[in-house]
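Consider the two complexes below, in which subunit A is the common component and subunit B and subunit C are the respective partners.
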Partner chain A sequence: MNITAPTFEWLELAPVLIVLTAAILGVVIEAAVPRAYRLVSQVGLMVVSLVAALAVLVENFVSQRSGTLVSASMVLDGPAYLAWAALLVFGLLSMLLFAERRLGNGSTAFAASAAAVPGSVSESEAAVAQHEHTEVFPLALFSLSGMLVFAAANDLLTAFVALEVMSLPLYLLSAMARRRRLLSQEAALKYFLLGALSSAFFLFGIALVYGYAGSFGFRDIATSIGAPVYGDGLLLTGMGFLAIGLLFKIGAVPFHNWVPDVYVGAPSPVTGFMAICTKFAAVMAVVRVFYVALGAERWSWQPLIAAIAVLTMVVGVVIAVAQTDIKRLLAYSSISHAGFILVAVVGASVGTAAGASSSLASIVFYLVAYGFATVASFAAVTMVRDAAGEVHSITGWSGLARRNPFLASVVALAMLSFAGIPLTGGFIGKWAVFTAAWRGGYSWLVAVAIVASVVAAYVYFKVIIAMFFGEPVAGVEVGKASGFTLVPLVVGAAATLYLGLFPGQLLDLATAVGTFLR
Partner chain B sequence: MSPDNYLYLAAALFAIGTAGVMLRRNALVAFMSVELMLNAANLAMVAFASARGNLDGQVATFFVMVVAAAEVVVGLSIIITIYRTRRSTSVDAANLLKL
Partner chain C sequence: MTIPWLTLLGLVPLVGAASLLLPVKELSRVLGMFFGLLTAVLAIVVTTLYVGGAALAEQVPWIPAFGAWWALGLNGMSLLMVVLTALLTPVVLLAEWKLPNAGRWSPQVFVALVLFLESLSLFTFMADDVLLFYLFFEATLIPMYFLIGGFGGERRAAAALKFLLFSLAGGLVMLISVVGLGVVSTDLGGTPTYLLAELAKLPIGAELGRWLMVGFLVAFIVKAPMVPVHTWLPTTAEQATPGTSVLLVGILDKIGTFGMIKFCLGLFPEASLWVAPVMVILALISIIYGAVAAIGSTNLLRLVAYTSISHFGFMVLGIYTFTTVGVSGSIFYMLNHGFSTAALFLVVGFLINRRGSAMVADFGGVQKVAPILAGVFLMAGLSGLALPGMSSFVSEFMVLAGAWSRQPWPAAVAALGTVLAAVYIMLMYQRTMTGPVTEASATHITADLNAREKWVVAPLLAIILLLGFVPGIALDLVNPTAAATISHVGAPDPVAPFGGEGK
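== the complex of A and B ==
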């Protein structure tokens, strides 16, 4: 038995390698650079590396480099290009929020010393000495590199390792909030235990599918379907386990219980990072596993995913109606968005020459529109404050438009986009997703989705009405933010509007390159 | 070689692990149960690798072991932090976040 050494496509892999190298350099900075200069060097390194990775990615795209990488364990195709570009942009925007110090009177949103017991002497000593955890940048970069690999994985083992590289730093990041530290630690524990459970399910699914196909590669799995050695039961069970692991990561019902708790407990910048980047990478992995590896078996998984899509939309929307906490509301909103995305996944429609977009193109557009609105809304969440820190109750947000009309308008724009109101990116995203499902023959699912999005609109309008027509609450202020918060806020709002007014470019691009390389 | 019996054993271990995570209240025991589930998957992969006559499954177990070790580092650090805060590792005591 021979094991051939893998080939290494350095140039194609460069975006991932740059992010990974920057993460390792970030660890070196922690050891070598004096405390006073760490934040500035970490932020500089992060921005430079992500922009460089994006530049290399664009260069690769212009030179039309594509194909399988590292002995077919990864693949660089149109969807991978789209996912990488989006992950790098959203990663950069949400990591800028990590660096905000002006809002917290000179301290970041992260604990001065995460290892110190809350309320202890060592905690207050660390706070007085103005220590801060600049390790959050390398942690987030490690997580981002895992996401990049996850979105481009072409075999199940790579997908599993990437899933863990993506998740493990996130568990730690969620435990590091400066305020409400008990909640933060509890969120991390829940996230970790449930996350580890779901990856164990994912791994067992991998083992069963490997038994069925005799290989981890997506292409080998696809060709083995229909010619089983041990019977179809192995494939169907394995597929179910894989689905559990993946659907957990995108926060689909009934695997959604961690989402609201972790969103509330984690520091808001980290929540923003998770809400966009984790979801993006996980959805791309779902699509790749189900379309490329299990595409021939889609009559078996379509009804299952359709049922989960209905549950996810309905539960996400109905529970969101009852929320009084803005972060919890955004959590249930992100659950219901996962449901809308699954609607398009179920449709599994391929693009036509007449310019009708495929399921994949509509999913990418939806995620990009959702991502920009999410960046803007989490930047806003970090800015609304009182003496005890961020104000999360929606009643605390009432009358915000009188204190700061600009911020209230940005939040309103993001909410309108979440609700799918015309002239915002969210509307085009919903439209594209619903047509993809419709043309895939799932008109009943589209009907359910439309009802769900109407109910969801109520939730978002509740926030808008509170901000514009409520009485201002005493003590709640809009903090003076530095560019680290204002840039994501403005970029998110501008892009949301742009995608609503001129959706053609991104949709055409996504349709043009949106085919998987098998 | 038929992998059937190994597969039954793997499924039994996996079921025990799942039950452990769901039912036990101690975070450490729940975490040990997750490790049991990962090793059940390892056993299934080795059995299939042997039955199929290729090395992929055996190589995969090494990756899984490394990932599991990394998971232990992260998991124990979180559990120990919680323990130092609350003097308890019971997942029932962690109830500040409501549905």
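== the complex of A and C ==
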């Protein structure tokens, strides 16, 4: 038996490798650099590495490097480029929030000593000594590297490994909130247990599909669907299990139960990171698995995903109506957005030569618009504070426009984008996914999605009403933030507006390069 | 290089709104008025150019992936709407000059929102691309929402939400159709396009066309409040400031009837003929119901809102008669109603400012304490009931004539509406203005109209009278549009078009 050594396409892989190396260097910094300099060196390393990765990515793109990587276990094609660029940008923006110290009077949003029992002496000692967990940066970078691989994985095994690399650091990060630590730890445990369960489903799905196709590779699976050796049973069951694992990560109903609790319990910067980057990577993986590997079988999975999309949108928006906590509201909103994205996934429409946008282009645009609005809203969440830390109740946000019109306007813009009101990126995003679904023959799904949008609008306008028309609540202040929070806030708002007014470039780019390399 | 007049016209108020983000404080009203007047002047320039036959249309690719264009253009109808918008905005700014700085939101925000709204409305009326139209159509909700929610009565936040949810629901139903239209254009033509001119040529199947048309129509029915989806308007008008109501009823709601002509008739002629009987009945219900509800209203602002619902019934009736006279009359009605409702709302606003209440029962004998106020109130009211000599008479007559030439019975029912109009206006005048001076009126209404207030109503009444005596200046612009629409729909005209009367 001959085993050929895999070839490494170093240049193509460079963005992933840079992020991974930075993560490892970050661990070294924890061991070698004195406490006082750790934060600054971690932030510096993070920014430099992500910018460098982005630069290499752009270089690769301009030089038109593409193809399968590492013996076809990964693939660098148009969608992978788009996903990587977006993940690096959103990763950078949300990790900047990790470094904010001015808002918390000199301490970050993370526990002084996560290992100490909440309320114990050692915890207060660590707090007095102003310890802080700068490990969050390498952890997030590890997670980000997993996401990059996940979005470009070309076989199921690579996808699974990437999924775990992406998830494990997130479980840890979720447990590290400085305030309300028990809630945070509970959230992390819940996330971990459910995440492990979903991974098990995913793994089982991999086994079944392997049994059917005799290979993990997406291309081989697609080939064997065309010329089946075994009956459909293995494939369909395997497909179902794969779907469970993937849909769990994007927070689709009925696999969404972890989302609200984890979003609330985790430190807000981490929630922002999860809400954008995890969702982005997972959606890209969903699209790749279902389009590339299982594309020939789409008559089987389309009804299933359509049903899940309906459930996700409806449950997401209806439960969001009843929320009184801004982070829970954002959590249910993120669930409903997963539903809207699935609407486009179901459409599975391809672009036309004349330049009509494809499902993939619409999904990418939707995610980017959602990402910028999410960055801005989580940056805002960290800024509204009272004596006990962040204020999460929507009644606490009442009258925010009078305390700080700028912040309230940014939040309003993000909410309008979530609601899909024109002049924001969210509107064009909705338009794109609806067009994709309709073109795929799912006009009824578009109708359902639009009904859900009306309900969703009510949810977001509730926040706007509170901020603009409510009376200010005593004790709630808008904290003085440093650039680490203000940059993501302003960039998120500006990009939301830009995408609403000039969506052409991104849409055209996504349409032009949005074909999978099979 | 040619000057993009239409883009310029829409951008001027937007620049004005943006300039009000600066801390100009006391100057905000002056600055707002400057930009409002500048827009009005530009609108007049554009009108002159249009009449002179200049090519004003603009067309630049915007989102190629959807086939959307930055396409602006004018026809007779949209020109009138543009002029209406540009003239009403400075009037509203002047009327709300003394908007109290009631703690929460400063007048500066009001002025900025009004200008922002003006810009969006202008673009809505000028858009020749369905996606562009939809974008601005929906975007107008944002400033209007804040105008209602930020300034006005106690329960304004709830009113703003009600307005928003109704409009948004209607708009999103339309979104289904617009998305569908894009897909259909790709299927039929190969390339996606949202250009109105291209879409009108597509051979859309009968059944699909009907479905798509209904989507558009739902949004427009909600917008031009027709019974039974009108309930948001009285609530909103009651809570909003009169200036906001003028913008809402005078300008924004016109997008409903405007859209019926431009999009429903323009894109789906067959489907529009198919739906006509339903629309005629809905229009008649609106006419009668609005008038009866106005008679029964105890609140002046609600009353004026209900009269508008009745008037919108007339406009819709005119459109769905499918006669050149009817459609012309309907378009002219849109213009006249803008001015006469503005006059009514603003004069009622002056009354409420003095008395501190909007209830009809709280007034009495005002004409003895404030004769000029009572006089302009009567004039505005008479314009609302379409007295001959007022511009609204011409348009109402044309609508009725158009309806009669198609079928007599709807015209007969609608004529009943004109009688009821006389009842609600005269009853309102009698209850508030005539009779002995009540104690409350004597204590609260101490001053007649001041100079500013006179300057608010004077131009409105002047325009109403001018158009009443020389309707030809507007009808000459409207008739070609109406004739083109009717010939596009393909319904034979039962009577010869007219419109030269009064010249």
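Note that in this section the second predicted complex is superposed on the first by the 517 of 518 C-alpha atoms of A that agree within 3 Å, B and C clash if a C-alpha of one lies under 4 Å from a C-alpha of the other, contacts with A are read in each partner's own complex, and residues count from 1 in each chain.
The rule we apply is simple: a contact is a pair of C-beta atoms (placed from the backbone, for glycine too) under 8 Å apart; a residue touches a chain by one contact, two chains touch by 3 or more.
The structure presented is a predicted model; accordingly, all values stated were derived computationally and were not measured.
Q: Thinking of the overlay built on chain A, is A:F204 touched by subunit B (first), by subunit C (second), by both, or by neither?
A: The first partner, subunit B, only.
Q: Touch test for A:F468: subunit B only (first), subunit C only (second), both, or neither?
A: Once the two structures are laid over each other on A, A:F468 reaches subunit C alone.
Q: Does subunit B (first) or subunit C (second) touch A:I421, or do both, or does neither?
A: In the superposition, A:I421 contacts subunit C only.
Q: Give one of first, second, both or neither to describe whether A:F248 is in contact with subunit B, with subunit C, with both, or with none.
A: Touch partners of A:F248: none, neither subunit B nor subunit C.
Q: Who does A:F142 touch here: subunit B (first), subunit C (second), both, or neither?
A: neither
Q: Considering only touches as defined above, state whether A:T435 meets subunit B (first), subunit C (second), both or neither.
A: A:T435 sits against subunit C, while subunit B stays out of touch.
Q: Look at A:Y458 in the shared chain and tell me whether it touches subunit B only, subunit C only, both, or neither; answer first, second, both or neither.
A: The answer is second: A:Y458 touches subunit C but not subunit B.
Q: Go through the superposed model and pick first if A:F372 touches only subunit B, second if only subunit C, both, or neither.
A: Once the two structures are laid over each other on A, A:F372 reaches no partner at all.
Q: Taking the stated contact definition, name every residue in subunit A that is touched by subunit B in one complex and by subunit C in the other, in rising order.
A: In subunit A, no position sits in both the subunit B and subunit C interfaces.
Q: Would you mind writing out the residues of subunit C in touch with subunit A in their complex?
A: Answer in residue numbers: 61-67, 104, 131, 134-136, 138-139, 141-142, 145-146, 149-150, 156-157, 160-161, 164-165, 168-169, 172-173, 175-176, 179-180, 182-183, 186, 190-192.
Q: Give the list of subunit A residues in touch with subunit B in this complex.
A: So the residues of subunit A in touch with subunit B come to 1, 3, 114-115, 117-118, 157, 160-161, 164, 168, 171-172, 175, 181-183, 185-190, 192-193, 196-197, 200-201, 203-204, 206-208, 210-211, 214-216, 230, 257, 260-261, 264-265.
Q: Inside the complex, what are the residues of subunit A that reach subunit C?
A: Residues in contact with subunit C: 352, 354-357, 361, 402, 416, 421-423, 427-428, 431-432, 434-435, 438-439, 443, 446-447, 450-451, 453-454, 457-458, 461, 465, 468-469, 503-504, 507-508, 511.
Q: How about subunit B: which of its residues touch subunit A in the complex?
A: Answer in residue numbers: 3, 7, 10, 14, 17-18, 21, 27, 30-31, 34, 37-38, 40-42, 44-45, 47-48, 51-52, 54-57, 59-60, 63-64, 67, 70-71, 74-75, 77-79, 81-82, 84-85, 91, 94-97, 99.
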